[in-house]
Structure formats: C-alpha cells, structure tokens
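Same chain, two partners: subunit A is paired with subunit B first, then with subunit C.
Right, the complex of A and B next:
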C-alpha cells in the first residue's frame, strides 16, 4: 500500500468515527446526569432513516440533520419521562424503545429503500488542506467530521471546565448533594437526556447523508452500531476525550479488518468481521478488572515492585460509572 | 367495595394496556388508509380462526416462552440478559451437530441428547457473560449483545462451511443451511397440525421454573441477590456465584429454545445470514413476553401466546389488507411500553393508597404523623 492510499484510508477512519463520536458524547451526557439511554441502537437507525427521508423530500441536507436530532431528542424524551417522572426501569424502557425504533425505521423507511438522495460533499478547508499529510488527513473531510472534532473538545470543556458541567457531575454522582446546592435535579436530568438524545440522533444522518449515503433498510449495516457506541461510552469512562479515543480505535480496527481481508485469504471472512466484538469485550474487561475484589486481594499478595506497577496500570485503565446512574432521584 | 374494584382493575390492567396499544395501532392503520376493524379481524382469524391457525400460534409461542422463562430467572436476579438470540443460535448449532453426527442411535435418545446439548450450549453462551459480570465487573447488557454478534458470525461460518448441507455445497446459491435431520429425530407432533412436543415441554418447564424460583433455596437466593446484593452478601450468600448461575440458566433456556426450533419446526438449521433469519427474533421477543408476564413464569405462558398470536396473525393481516408486517413489531413494542408503564402506574397508585391509609390512621393519633408518612413513602 502506498502512502496516498494509507492517508485516504486513515482520513476515512476519522470520518467513520464521527457518528460513533456523536452517539458516544450524547450517551456520555445522558449517563453523566444519571440516565441510561439504552434506546441508542434504535435511535440511530430511526434518525438515519428519518434524516434521509427529510433530506430526500426537502432537498435540504441541513433539514435532514435537524430532523435526525429532533428524532433523537424525542426518543430521549420518552426515556426521560419514563425513567424520571414515572420512575420505571430505564433498562426495560430503553430496550423496548431500541427494538421499536429499529422496527419503525425499517417499516417507515420502506419507500426510501435504495433511493439516491442528497449527500454531503467534502469541504476542504483552504490553506490548511494544502499542508502535506496533515492536510489530507484532517482538512479534506466533510463538514460533519469537522463538527465531530469540535464536539469532542466542547463536550470535554463543558463537563470538566465549566460550572454547569461541575453541577452535571454532581447530579450523576450525588444528586442529593447537588439538590442541596440548589440544582433542580430532575429538570437537569430531563435537559441532559434530551440534549444527549439529540446528539445521538445526529449520528443517524451522519451515516445516511454522509459516510454511507442513502437508506438501505436491513442491509444498511447500521444495526448494532448503537450497542458498540454504548460499550465505547463505558470504555471511555464517561470522559469525552477518552471516549473519542475509543471511537477512533474502533473505526481503525474495522478499517484494518477490511484492509487485511484480501491479504489473509486463508482466514475465514467471518473472523475479521467478528473481531471488533471480542476486542470490545476484552477492553471492557480491562477497564473494569481494577474494580474487582479478587484482583485487589491478588495484588496485595504480590511483591512490592510488581504490585506498584500493576496497580498503576489498572488505575490508568479503570473507569467507574457515575454513582447514581440509573437511580431515580426523590427528594424527601 | 372500593378496594375490590381496585384489585379487579389492577388485574385487568395488562388487558387494558393491550387494548390501548391496539387502539394506537388502529390510528396507524387509519393513516395507512386501511380499515382497522377489517385488519384486526384478519389478525384474529389468522391467529385463532382454525385449529391450524391456533397450532401455528402455539408453535410461534413455544420459543418465546422458553426464552421468557430464562428471562424470568435472570431479571429476577437483577441480571439483564439481552443475549437470547446468540444463546439460541449456539444451542441450536450444538443440537443440530448431535442430530447430524449420531445417526445410528435410536430417535428418542438423539432427541434427548440434542435438547440437552441445546440447553448446554445456551448455558455456556450465557455463562461467559455471567462470569465476566460476576468476577470482572463487565456490564452484562453489553457483553451479551456482543456475544450475539459473535454467535451470528460463528453460525454463518459453520453453515456456509463445515456444516453446510452437502447438496447446497454443490449448488451455486449455497444457501447457508445444514442437511435435514432424519425423520425419526423430529419432535413428535401433538395433533394433526404442526404443533409439536416442544410446546408441552415449555409449559412443563414453566411450572418447574416457578417451583425453582419460589420453592427452592436456589431460587430464593437468586431473587435475594437480585433485590439486595449487599444484604445478601452479609447474609452469607456468595453473590458472584448466583449472578453467574442466573445468566447461565437464562442462557440455557434460550439454547433449548434454539434446539426445539430445529427439532420441532425446521428439521434443519437455516439462516439468511442474520440472527433473526434463524431465530425469528424470538431471543428478543421472549424478553418482551417475560416483561409482559411481569417476570412470572406462569404468567409468561399467556403472554407468549399473545405475542405468538400477534406474530402469526400479522402475516394474515398483511395478506388480507396489504400492510407491512413490520407494523406488528411496532405494535408489539407499543403493547410492552403500555404494559410496563401501567405496571408502574399501578404501583404508584398502590403506594398512594397505602400512604393515605396510614395518614388517616396517624392523624387520629397525632403523635408521629411525620415519621409515619416518611415510612409510607418508602
């Protein structure tokens, strides 16, 4: 493979990670506030279909993206209403919505199957795109990919460097304390779940209007991406920068799978297709293993230097969920 | 009198919720310019209209019930098993392998072996996420979903490669399917319809799971761990062990569902390359049936029949009034959303009733009304 192909491939990886980044950031906001939005897999499909349908009928790509965000926000509103106001199981509601939205997408998307619609064009940034290597890697992308770069930074800034972000952390960790500090816990949870949902909804049109333009129904290959995004959220430890790293890593692995397939002809094609999933399980295992009791006990029995090294390594990988994740808040 | 009305209302709530969902479905049908009464009549006719229709409904309900039984166990243990699809596949693969390998053995023995190996295959596929959760803190929702993806590719590899039907291997089409099982290995039919022994096995297992959950120490511990893991730990229950067990059993029932599907319906394993191509999404719909049955093994029986009827009736409805059968899956989702919400609503009403009853009681005493209402709230 020559250098140019490699650069094109890697630039493709950055683009392919964009929808996953939106979804992961949305879920991160939602879960930081204490609400698990398990509907993500269905939301992405429905917003991909809806976004494409709107763009197809209005010939406006912008409206398509907005429609996707609106769909994501509406689904998240259902999750929020069910879990915050009705205080019912977030997992049950989210899971049912994941299935329902997926079926709705296939059902309502039937007329748009395989239609050629509008798609986002690459938008090279003047001057910057002429820089060798970096230019073709970062600055000849579609607009939505640039937005994904900015979104990572803004999300990180918001959560860790602003006062409302600090409050957001509090709502997910110790809602009672945040309440005493004057936060309207349930209202904030509504707001962050819906905003997070809108971000998740942005992922759909990013597929159907940009990187995999069109709506292909069940063979669009989008089914399952939401679940992967969910595990990347956990891998990312509810931290936007680490989550983005996970998204890029996943996109890179998928691309490697595609590139390696013709080279490794003796390996069955299913092995490379399936490889991301055991790898995700492995990363989840590594992220969580530091929290296990028996690991701590095993570490204590080890010689000093090994223990120090291992526990440092485990701490670097470890991620703990917001303490109040999935727990309804009641003031009394 | 009022309390009796209340309890009657509570018992009817799932029915009311179902009717509400059907009403929403009727609006959708109207939007599609279809007469909803005509559509629902076709649905009813397709599901219960004749003995063949009824048999089809029960055949569809069987894997749903088996998966739902596993879900009752795992959800009661506060372990969320989304991996029914994968567990069904692995169970079916193992069971099919048994049937295709031991062709010299008597039929009853092979069927028994096959069902048992289906149970075992599902147990392994559910046990892995169980161990990952119990000893490595890996979220079981995610790991079971990933195990589904792995199972699908494993199935595609086997059904296109080592296990492919020799006659398909000759053809260019290469449909991913195994060879047909010998006639003596088919699960016996119960009536001159497609209804097979699997339905009876599922109902008997429902009773067994009920006994397991509420009449044995094992079931008590699974439920205790599900309700309060910390209290269970202090009571000396080895929590991780029961987490593994809950997921393992849950997977085992799904695996059995896969084996029953092969030996009772298709007589071979066949797919279109996706999980639902083999399972018909029973691994997911079983969760829905279990939730509808309020995670009770016996209530899961009518719940599974209801969803089986919706699935079978949907096909008739589709043919009669030309609506996409996907509408039915949407309807399924609506039913569950309505039922789950009504359940929560019922609980809140109950709480409020209890609270107001206590308040009345305490207002006569005047001494500690504050403490009383506090207690009632919890």
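Right, the complex of A and C next:
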C-alpha cells in the first residue's frame, strides 16, 4: 500500500469514527447524570432514516441533521420520563425502545430505500489542508467530522473543567450530596439525558448524509453500532477523551479488517469482520484489570518503585461507573 | 448566629415526629441534642437544615429574623450547614473538586488557584493536613468530616449541625474534632451536636436538650447530672414482671475469646457461656456491634478469632447451614427483606420451611399444615395470604411459626419492634415456651424495658465494646442507659465505674 492510499484510509477511519463519537459522547453525558439510555442502537437507526428523509424532502442537509437530533432527543425524553418521573427500570424501557425504534426505522424508511439524496461534501480547510500528511489526514474531511473533533474537546472541558460539569459528576455519583450542594437533581437528569439523546441522534444522519450516504434499510449495516457505542462508553470510563480513543480504535480495527482481507486470504473474511468486536472486549478487560483482586495481590509482592508506577498506571486506567447509575433519586 | 426554634411540629402520616419543640440557642453556643433512636432528633435537624419542611405554624428564627428554609442549599444561604453522619461527599473525586463543588460564584470555570489558597488557609487554621490534589476515597471518615467542615465554613455557615459525628472515627480524630469545634464559638459560630453518647455531649456542650418521643423533655447546663439525663432520655423507671430463674446449668452456647471485625467496628475477645433455657438481651445504640455479634452467633459472620461451641460441638467457621442443622435459628429485624419472601403465601412458606422431599408440592398437605400453624400461632390471615399483606405482628408470628422444632438457640433482632402490645405479649409467651423446652434465646432490642423484663442477663454494646454479662434482676434502666451512652465502662476514663 502506498503512502497516499494509507493516508486516505486513515482519514477515512477518522471520518468513520465520527458518528460513534457522537453516540458515545451522548451516552456519556446521560450516564454521567445517572441515566442509562439503552435505546441507542434503535435511536441511531431511526435518526439515520429520519435525517435522510427530511434532507431528501427539503433538500436541506442542515435540516436533516437537526431532524436526527430532534429524534434522538425525543427518544431520550421517553427514557427520561419513564426512569426519572415514573421510576421504571431504565434497562427494560431502553431495551424495548431500542427494538421499537429499529423496526420503526425499517418500516417508515421503506419509501426511501436506495434513493439518491443529498450528501455532505468534503470541506478542505484552506492552508491547513496543504500541510503534508497532517493536512490530508485531518483537514480534508467533511464538516461533521471537524465537529466531532471539537465535540470531544468540548465535552471533556465541560465535564472536568466547568462548574456545572463538576456538578454533573456529582449528580451521577451521589445525588444526595449533589442535592445538598444546590443541584436540582431530577431536572438536571432530564436536561443531560435529552442533550445526550440529541447527540446520539446526530450519529444517524452522520451515516445517512455523509459517510454511508443514503438509506438502505436492513442492509444499511448500521444495526449493532449502538451496542458497540454502549460498550465503548463503558470502556471509555465515562470520559470523553478515553471514549474517543475507543471509537477511533474500533473504526481502525474495522478498517484493518477490510484492508487485510486481500492480504490474509487464508483467513475467512468473516473472521476479520467480526474480530473488532472481541478485540474491543479484550481491551475493555485489560483496561479494568486494576479492579481485580489478584492484580492487587500481585502488585503487593513487587518492589516499591515498580509497584508505585504500576498502581499509578492502573489507577489512571481504571474506570468505575457513576455510583448512582440507574438509581432514581428521591429527596430524602 | 442566634437560632430559635418555635413550636416545631412535624407529622409523617400518622406519626407525630416532632411535637411542638421550642429551643433557643444563643450565638457562640455548643448545643447538645440527646435522645434515643427515633426520639425525633434527626427530624428536627432535617427541618433546620432544609431537608424537610416543618408543619405550618412552626417557626425558625435566625438572628431575630423568621426564615423559611426550602432546601439544604437554601439553608446554607441562610448560614446553616449540616455535617451528615455519612459524609455527603464524592469519593472518586479530587479533594479540591469536592471542595469547590456547590459554590456557585465565579463563572463557568471555577478559579482553582483561589480555591486552593482558601483551602490551604482553612486547613492551616484548623491544623488539618490535606493534599487538595489527592482523592477523597483515600481519606478516612474522620478526614472526610474535617473536609466537610472546612467546606461548610468556606460556604459561609454560621450554624453547624453535626449528626452523630463521633460514630466511625478514631479516638484521636475525635479529640481533634472536638478541639476544632471548641474553637468555632469564639468566631460567633453556633454548633448543634446531635448524639446519643452522653460522654461526648457532656465533655463538649455548653447546654443540652433532651428529646423523647418527639418532645423536648428537658434542658440542662453544666455541671451535667448524668443520671438525670438518662432518665430524661429513656423515660420512667420500669417495674419488672415475674421472673423465673434458669433451672439448668447445662451450657448451650459457649464463646471463647471471640473477635469480630467489619469496616466500621471491631469486637475483641468476647467470652460467654449461655445456659440452656436462658435469655440474654443485647442492649446498645444501633450499630454498636450487637448486630454483628448476633450474626456471628448465627454463623452468618465468621469470627476473626476465638471459638464458638454449641452444646460442646465446635462450630467455629462453619457455614450458616451447619449452624441451622445444629438447631440455631435467626430472625433478622427486616422481616420482609431477610426473614420472609414477599410474593409467597403462608402456605408456600410453611411448605418451604418443612423441606419437602421430591419435586412436586403436595398442595393439600401444605394447606393443612398452614391451617394448623395459623391456628396454633394465632396468625390473622389465611393459608393463601401473601406475607406482605399481613400486619407486622402477624408477620412476626408467622416467622415464629416457621422456626424449626426442636431448637437449641433462637436469635432475634428487634423481635417486637413496631408491634402492638398484644402481639408483644403473645410473641414473648411463645418464646418463653421455647425456653421451657430447653432452647436458649439471644435477642437485640432498643427497648430497655423489654430487655429488663424478658432477659436473664444483659450484654451492653458500645462502639464495639461488650460489657460483661449483667444480671437483669439487679440492674436498672439507668445503669444500662449509662453504659449505652458510653459511661461507666471500666477501661475508659474510669471516673464513673
């Protein structure tokens, strides 16, 4: 493979990760506030279909993206209402919504199957795109990919550096403690779940209006992405930068699966297609290895300097979920 | 800050938790609030700290101004801060983040530099040592309390409420806490110290108010008269019922040098010989170790040292089932959570308890069994009644009806809590019947009258310390009350032994 092809491929990886990043960031906000939005897989499909349909009918790509976000927000509102106000099981509600939205997308999307619609064009950034290697890697992308770069940073900044973000961490961790510090816990949970839903809803049109333009129904290949995004959220330790890393890793593994197919002819192509999934799980296990008791015991036996370095590393890698995830808050 | 509580009433449904409490706390005072579990202390403090609102007609006056406090955040705006028993902080966060969180001044991005400066200044003032960049979960409970106190002061608290702050912290941390608290009134701070530990209250407070059954029954200033305080806390002196001496001298349960441990408490080297037919009552404030002790007797908690023998058989470290097969039954306090299975009928329970053979249930036999037990235990319910639909007294009767027969040792946690007097008498008559058949009983109760009335000997628990067995016939509510409040223990101070 020559350098140019490699660069194009890697740039494609960055673009392919964009929708996963939106979904993962959305889920991260929602779960940070304590609400699991399990509907993600269905939401992505429904917003992909809805976004395409709106863009097709109005001929406006912007309206298509907004429609996707609106769909995501509405589905999230159902999750929020059921779990926060009605105090129902978030898992049950989310799961049913995931299935419902998926089938709704296939059903409502029938008229748009295989239609040629509007598609987001690449937007090379002047000057920057001329920088060798970096330019073609980062700055000849579509607008939505640039937005995904910025979104990672903003989400990280919000959660870890701002006052409301700090409170968001508190709400998911110990709502009672956030409450005595003045937070309106349930209102904030609504807000973050709905905003998170809108971000998840942005993932759909990113597929149907950009990287896999069009609506192909059951063969769109989008089914399952939501579940992966869910596991990347966990793998990312509810941290936008780590979650983004997970999304890029997954996109990279998928691309490698495609690229290696002609090279590794003796390996069945199905193996390469499926490989990213178990690899993700392995990484997930490795990242959270610091939680295991035997690791702690093994560490205790090591010399002081090694132990200190390793335990610091493991502490940094370790991710524990927001303690109040999935638990309704009641004032006293 | 002057705090005046006027005519505070609070109802929870039918329960009248605070009955017209009037209390005046002048600025610069350390006010102690004493009372048993359920006396209404926490309700009163939750009202003052904005967690709940008092009934209409109640009035809170701060520095002469009548205020309404809607929420804990509102309370802190009024200068009232509360340190909760379990610190309400965020363990996975950094100390500094935890410190900043909740202070809503200074725009979107908190000024970390300024906060660090304030933090270090406050820490220096109180002689605390913290690394603001370390994580909260690496701190001890005592340090987390210190952190909360600093935070509340930084937020501008002029009144500090402390709810049982000395539970779960070490002795050195306690003396540090007390010296910190004693400094605060010099700055016109008002401290409200809620506790059931007489010793703590007496060594710290400038005045004490005692709550009993939702009413303020008395106030006292130093020098404190301990026996008077105990009397106010626990009410009238009890008259004892008839007592039958334990006839046998056969040992049922033998504890030798038993030590127990959990995250909060350590119980060290307990020796006990329990005779067949004897009843031992365990007294103490909730969480003083008696729950762990009774679970160790049931085989649910494994002792870290010592031996447990039942009728000469060594059961140390054996499973709960080994204990059960040896004739030990345990009825926990949470009837529906741990004792019975909600969603199953009385018949189902009896069928389960009788350990049927085979796969299929003999419905008719089960029904007959249930009818039989319902009759002999006077349970108000039918064989098909779901256990959760029964009243508390009837649930307890059902649990008694489920006990194995014959039995060696019955362990009960709050056997009559929340029951009407008729059920109490009935349940104890059934238990005493077991004793006459040779079973021994160990029970936990927070009702001292019940302990004195029904036990032969009493063990008092205080922060993991266990008293030697006290003969119930010769002790008094007052003596027990003092021990429960941490007074008169031989190893400690020794002024009151």
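Here is the rule we use: the second predicted complex is superposed on the first by the 306 of 332 C-alpha atoms of A that agree within 3 Å, B and C clash if a C-alpha of one lies under 4 Å from a C-alpha of the other, contacts with A are read in each partner's own complex, and residues count from 1 in each chain.
We adopt the following convention: a residue touches a chain if its C-beta (ideal position, glycine included) is under 8 Å from a C-beta of that chain, and two chains touch if they have at least 3 such contacts.
This one's a predicted model, so the numbers in the text were calculated from it and none came from an experiment.
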item	value
Subunit B versus subunit C as contact partner of A:58, first or second or both or neither	neither
Touching partner for A:170 - first (subunit B), second (subunit C), both, neither	second
Greater subunit A contact set [subunit C / subunit B]	B
Touching partner for A:110 - first (subunit B), second (subunit C), both, neither	first
Which superposed partner A:181 touches (first subunit B, second subunit C, both, neither)	second
First, second, both or neither for A:162, with subunit B first and subunit C second	second
Overlap of the subunit B and subunit C footprints on subunit A, listed as residue numbers	332
In the complex with subunit C, residue positions of subunit A that touch it	161-164, 166-167, 169-170, 173-174, 176-183, 320, 323, 331-332
Complex interface listing, subunit C residues touching subunit A	46, 51-52, 71-73, 76, 82, 84, 88-93, 97, 100-102, 104, 106-110
Residue ranges of subunit A touching subunit B (in the complex, touch as defined)	38, 82, 86-89, 91-93, 95-97, 99-100, 103-104, 106-107, 110, 218, 224, 227, 230-231, 234, 268, 270-271, 273-274, 277-278, 280-281, 284-285, 288-289, 291-292, 294, 330, 332
Touch list for subunit B against partner subunit A, complex	80, 82, 132, 135-139, 141-143, 145-147, 149-150, 153-154, 156-157, 161, 274, 284, 287-288, 291, 324, 326-327, 329-330, 332-334, 336-337, 340-341, 343-345, 348, 374, 377
